[in-house]
Amino acid sequence: MLPTTNPAPPFAITRSSHVRMQVTDLERSRDFYRDVIGLVVTEETEDAVYLRGWEEVAHHSLILERGAEAKALAIGLRVRTDEDIVKAEAFCKQAGLRHERIELDHQGPTLRFVDPVGTHMELTSSMTLVERKHQRFAEFVAGAPQRIDHYQVATHDVQAATDFWTSIGMRLAEYTAKDGTDELWGTWMEVKGNTHDLVYTNGRGPRLHHFAYTVPDVSALMHAADVAGDLGFGDEIDRGPGRHGISNALFLYLRDPDQHRIELFTTHYQFIDLEDEPMRWDLSNAKRSQLWGMPATRRWFYEASEFPDEPVLEPLLQAAPATLEDVLGVH
Amino acid sequence: MLPTTNPAPPFAITRSSHVRMQVTDLERSRDFYRDVIGLVVTEETEDAVYLRGWEEVAHHSLILERGAEAKALAIGLRVRTDEDIVKAEAFCKQAGLRHERIELDHQGPTLRFVDPVGTHMELTSSMTLVERKHQRFAEFVAGAPQRIDHYQVATHDVQAATDFWTSIGMRLAEYTAKDGTDELWGTWMEVKGNTHDLVYTNGRGPRLHHFAYTVPDVSALMHAADVAGDLGFGDEIDRGPGRHGISNALFLYLRDPDQHRIELFTTHYQFIDLEDEPMRWDLSNAKRSQLWGMPATRRWFYEASEFPDEPVLEPLLQAAPATLEDVLGVH
Amino acid sequence: MLPTTNPAPPFAITRSSHVRMQVTDLERSRDFYRDVIGLVVTEETEDAVYLRGWEEVAHHSLILERGAEAKALAIGLRVRTDEDIVKAEAFCKQAGLRHERIELDHQGPTLRFVDPVGTHMELTSSMTLVERKHQRFAEFVAGAPQRIDHYQVATHDVQAATDFWTSIGMRLAEYTAKDGTDELWGTWMEVKGNTHDLVYTNGRGPRLHHFAYTVPDVSALMHAADVAGDLGFGDEIDRGPGRHGISNALFLYLRDPDQHRIELFTTHYQFIDLEDEPMRWDLSNAKRSQLWGMPATRRWFYEASEFPDEPVLEPLLQAAPATLEDVLGVH
Amino acid sequence: MLPTTNPAPPFAITRSSHVRMQVTDLERSRDFYRDVIGLVVTEETEDAVYLRGWEEVAHHSLILERGAEAKALAIGLRVRTDEDIVKAEAFCKQAGLRHERIELDHQGPTLRFVDPVGTHMELTSSMTLVERKHQRFAEFVAGAPQRIDHYQVATHDVQAATDFWTSIGMRLAEYTAKDGTDELWGTWMEVKGNTHDLVYTNGRGPRLHHFAYTVPDVSALMHAADVAGDLGFGDEIDRGPGRHGISNALFLYLRDPDQHRIELFTTHYQFIDLEDEPMRWDLSNAKRSQLWGMPATRRWFYEASEFPDEPVLEPLLQAAPATLEDVLGVH
């Protein structure tokens, strides 16, 4: 069954806002995100680097933290007010979700919690304001990403994840289901008025498949690819450029030095009106994943970043999309 | 004084949705918007043509109505639910605003009202759904506009207009004020999470200065200009291509056969978080209007479309931006 | 040994000009090149369709001829004057090359000949002039290819082919050689002042690997891909979008209904000055083929169009570039 | 009468190659061309800066020389071989043209001469080779100009200039003539196989109106404008972005700190075949100068850079194109 959105959620989520990644070589990762991807470095400390997109006035949308292992530490969402953090905390308590109030530099009231499928989340209601550099054109680098946009998480139970997030206000924009059934293989949920803030797809999980930034246009996307090639990261282009059927995103995926995956993309669409129906794609319809060209590799489909100390479960749904290896006849 | 946004507005506005223009030669105007601008024609009747952008699933975002005179008939906004129309009607009654419930083809419950500075508005909560043609790439025409985005209205009293709209939930993203004062010359207000849905600028009003559609990127914008030139509308490019300081829009303005003005643009920015402050621009700062290149002509600044039977008032604020004629020394 | 260009060639070749392809379903192929690729149809006869790019004033640069089998019939080059056709004929006679003067509609004096590695060539000195449609922006379709640019031919003997063409005036711009040797694996030769008019690469040949048209920019290239997807030819994108190291072309390859291959590309570079040295790439350097991303499939490397009644020979050089299948571990 | 091209010119010119500009503040001009335009600095000496485009392997295409006054020192063309310099010298002697053999750093044999309308020319047959940086994508700046392309010179006698240059091998691609007459107002002449290397237009002359570099695409062009605005040179955008009818160039003109003018542009077309006729534009046809949008200002039409000690003559032809001031009614 398709879940329906709670029109009166317990607290108000407003957008994807920041992602916290643990990396094993902080300087090398900083260089990658600054020079190859083209993010702005807001601040560096001994053990962390804070970055943001060129139009972002909030202090950070990507935090790199030094650690012994490559991990996805937390996926960040914004809530509207400080009061929403209080409400969210009460909600977690009532729902029996692991949660914790924490104090973090450059963030207002912040709540960590783990969703029912094990995704490590971080909610905050505000950040320190810094310069919006959207008109510092002379300083633009590589793809000149504008802002963080969404996350994709692999989960063993897409239905459970979707039920949870729609029950607290997220809305389904598009989804993939096993042919001839209502079994959900992937769900694209949004809260900020376009196609997605949070995506769950079927697979071993919870693991973060990628986080995504918007770029201004196809030229910026292609320039990012050219810059990656120039700087020795050409083999780390994990997929693309190509066009997703779902969401209409023109995409490019890259792997960072720890093999965390970032998507750069452009042109999804507005999704605000309540009468808009979520768009269904059959799992067998390869166009859901690419409107043209070849499918993604197994590497793209099956590699993702684990959360610390969070067990990875086998997916409930046995349904594998065709990979590039399948198409080329690899055994 | 800068108005503040009512956090609990009497009804929920969600976005700019449709504009209703009266035109004197319906076929000629249809051809212009279909062939030169590149909108999709959803439906034609004896006396009206309904058009939409390529990603719009709602039946129309531009309605051309046949009439004896060129007029702006109404600026349309969406509200979230049918219940919001009921609430809006109650609000208008209480506020003493001219208003009327009407029945219109392809729209759900609809309310017309006139705002305190004379702007003719139309609220609706839903529309007939049609095909989202965002992936019909082979049919794209000219600038291939994606969706309606915002309106700009000339008013005699920017402060009054801004006070009103922020009191019912709109939020100031950027504004222009007379140097050294708080006198508002122009206000860019939004409700959908980026820089503007509704703009008021100082001038003889109420008159509709322009309505705006987003295009995918700068190539689409330039192609629209080239197509306009090819089809004999090269002289109807009213301004641009250029870059606004305010909102960061890369813009192109065209005049239709009745001299109504449409803007095609790309790359404004997300504006969601409550701690974001509206950006101030001094009226004397030419960069607010263009980051580079020459200012707009008097024609662009001073010509606009009147609403039917609505008296046009002289602006309260005497503050004229520099025009191209000023810069070139025209007397 | 690198061949050197004859500074006083026996006749003056000026550019790549037209390619003649035999197709098994003329209407279907016409639709493909007109609607998916976006070429202009100049003229149709019972058994042939003539097409050209949007800036081409010559009658045709692609001729589709109806036939029982898919074949590459001839690769066309322009010579400067009618006198050059006479000189070319004398040259062929003296060199013992198969050749024939023929009369063709819309072409001036025309000479067919077969080069030393079996490539079927067609020289002409002029064509009927038609409209240059480069400013018919409103009619542009798909990638809106501007003009034919070059050909790539698979040959069993790259050295022989290169020796021949440089001896009659072509110039080497870039080349691939087996690592640590002077054995030529591929040669990019030009006559019109940029990187290539005629390319020979090592393989079973003679076979036409592809012919190439320039497109205005990366947006046009991506639009061509999107249009191909929209019109049901998404699986016929044979490679790309990507960036070649050699020539710097940003490329997209498509297969037509007979599996003939066309390249759309943008941004190669000027190559005029005599002191410019040809650029060498080692065969093992994957960047020669793509500056970033994955290598091409076996299909791209090994499938090509045969010339009628021309035996296909095994390559003299045993040196295989890494394919996508190799990289993915296909056996 | 339209001049015809000498098919056997006395020496072989191959392309536009370099321009030598005298500037009053060398550091400031270097910063402008490096940071705002985005050229590569090849070398700096005490009194000169050498720059080139990203695909240029020749040492320089722009030389800035420190001087007391802003001047255009010389317009450079390439000839094919050293022998062509010898032939050119003999030609100048015989033709009675002022000329001089000079030795210059980083250039092969070099000849300065003054053409019949007073244009200061510099021919050379080779340059020192440096790195072709066309694939150093990570270092690209602003418009990332690829290569020098052409020059436009104001002259008192377009007919004389055109007669001269066609008599030594240049070819007319497009031209403007006074309506109903053969009086030439402007001529676009080429030698490298596309629309122009050298342009003469009617006006007080000889003066260099502009020199031009190609950029990769419209996004690069617009980025150059945005960077100019960002770095405080927004008012130095002299014209555009716009589309010329003549040559089809999508253009942007900027003024350097000495008010020398540079054009960045993209998409002219190939012009090689002898049967192609030059395209005529009537002077009254505003589309020759812009396919859409407003005409250029008087400043664009009438300001240009003088050559040292070269008297400026009033134009023989009295024929003024409509300027922006004319259109706006400036008196």
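Here the chain labels run A, B, C and D in written order, and each chain numbers its own residues starting at 1.
Convention: contacts are C-beta pairs under 8 Å (C-beta built on N, C-alpha and C of every residue); 3 or more make two chains touch, one makes a residue touch a chain.
It should be emphasised that the depicted structure is a prediction, and the values quoted were computed from it without experimental measurement.
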| query | So which chains are sitting against chain A and chain C at once? | reply | B, D
| note | Two candidates, A-D and B-D; the one with more touching C-beta pairs is B-D
| field | Most remote chain, CA-based centroid, reference being chain B | value | C
| task | State, to the nearest whole Å, the distance from the C-alpha centre of chain C to the C-alpha centre of chain D. | result | 33
| said: As a quick test, compute the distance in whole Å between the mean CA positions of chain A and chain D. | reply: 49
| For chain B and chain D, what's the span in angstrom between their mean Cα positions? | 42
| task | Check each residue of chain A and list the ones that touch at least two other chains. | result | 135, 217-219, 226, 229-230, 291
| Along chain C, where are the residues that touch chain D in the complex? | 14-15, 55, 57-58, 78, 80-81, 126-127, 129, 132, 134-135, 146-147, 192-193, 216-219, 245, 248, 266-267, 269-270, 272-277, 279, 291
| task | Give every residue of chain C touching chain B within the complex, in rising order. | result | 35, 135-140, 142, 217, 219-220, 223, 226-227, 229-231
| remark: In the complex, chain A touches chain C at residues 217-219, 222, 225-226, 228-230, 233-235, 237, 241, 243, 250, 287, 290-294, 297, 324-325, 328-331
